[in-house]
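Here the structure is laid out as structure tokens; the discussion comes afterwards.
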């Protein structure tokens, strides 16, 4: 599963993209966040205030309860500020 | 008193601008319209449907009861269609 | 700034001139009005815009001043052409620039709505059924009415 | 049409290309977003726009499609830049062209409001107090919410 981080999540975590292989009980976005957060360090910091972190699954905005599967492209980022 | 006509009022009346010298009892726009209309011909035609004719006094939009005086620049025209 | 002219204008150049060097501007909204080739059911081959020289400048100036009174604009511009125009030709340009986009959008819409009801221009269209003076649209009056201030 | 690019764009040329030859167009509204030199109380010397390649194009395409579904547009364009920009630089261009001005104004405002809340861009500002990621504005969420369709 490919995971991307943008803006200050990328800064805190230190990488913009990585391949991860979570255990089978990680079934949705919320589960993935908990699993990543448990890694500590930059991850714990990036996901400390989880309510301000947005997610996308396969380049579409996704809610915390959205199911994820191996092969998905998951992205985490702060609220967008373009335009 | 200078009187200007625009768009189809100018076409009907046949001139775009003229100097007129109405009698003293012509005191406002409505009075001037009646006086011009009484000339008949193109004037009667131009002012036949007086509700669709707009007026300006000294280049500001004016209502029928606006007072006019010698030396004023009066204009008559249909509703504007610019932009 | 307002201009009433027979000549065409260059939107990109006007926008550049208006915003250059002013780094307080966050957004600029432009409106360009073009001559359409259809009026109701009739085909339009050309149109002639008549106006009231003197009053036109006065009214456009007043409309622009009003927009600047209502919205925090950093810059504004109205250019309106007169004379003979063909389908696809530019008629009018309005630009409003502001720190924030909301003000720029509202002020530009306001200027166009007021211009449609307050600027002394009249359109004579050459159609396949003859030359015809364009009637004012009721919807333009309605559009302008929404900007009326209460009190 | 949408474009995501590092390079600057030419508003006049884009407008010309988009409207040329289409005589059904009565009005074209453009919005240009520019980099401001002030953010809150801090002075901004530059900003870097990061985005999510792939998702950006997908979202902009969907937003443009939605605008064309809601309003009778003859042509539309979104260009959004990324990378390093300085105060006064152009960030974004939106153009909507329609037979009538009301649709062009509404669709352009809609595109900007949605872009602010749906397009995956993030601004990092270099200010005199250090580099800082720009926070989303609540007012942008409110602005986007007004376009929500009921039912």
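Of note:
Letters A, B, C and D mark the chains as written, and numbering starts fresh at 1 in each.
The definition used in the following text is that a residue touches a chain if its C-beta (ideal position, glycine included) is under 8 Å from a C-beta of that chain, and two chains touch if they have at least 3 such contacts.
Quantities reported herein were computed from a predicted structural model and do not represent experimental measurements.
Leaving out chain D only, the groups of chains that stay linked by touch are A | B, C.
The set of chains in contact with chain B as well as chain D comprises C. Chain centres here are Cα averages; for chain A and chain C they lie 48 Å apart. Mean C-alpha position of chain B lies 26 Å from that of chain C. For this pair, chain C with chain D, the centres built from the Cα atoms lie 23 Å apart. Within chain A, contacts with two or more other chains are made by residues 83. Each of the following residues of chain D touches two or more other chains: 33, 101, 112.
Against chain D, the residues of chain C that register as touching in their complex are 10-13, 15, 19-38, 87-88, 99, 101-102, 104-105, 108-109, 112, 139, 143.
Contact residues of chain B toward chain C in the complex are 4, 6-8, 56, 59-61, 75, 77-83. By the touch criterion stated above, chain D contacts chain A in their complex at residues 33, 49-52, 54-55, 58-59, 80, 91-92, 112, 115-124, 133-137, 140.
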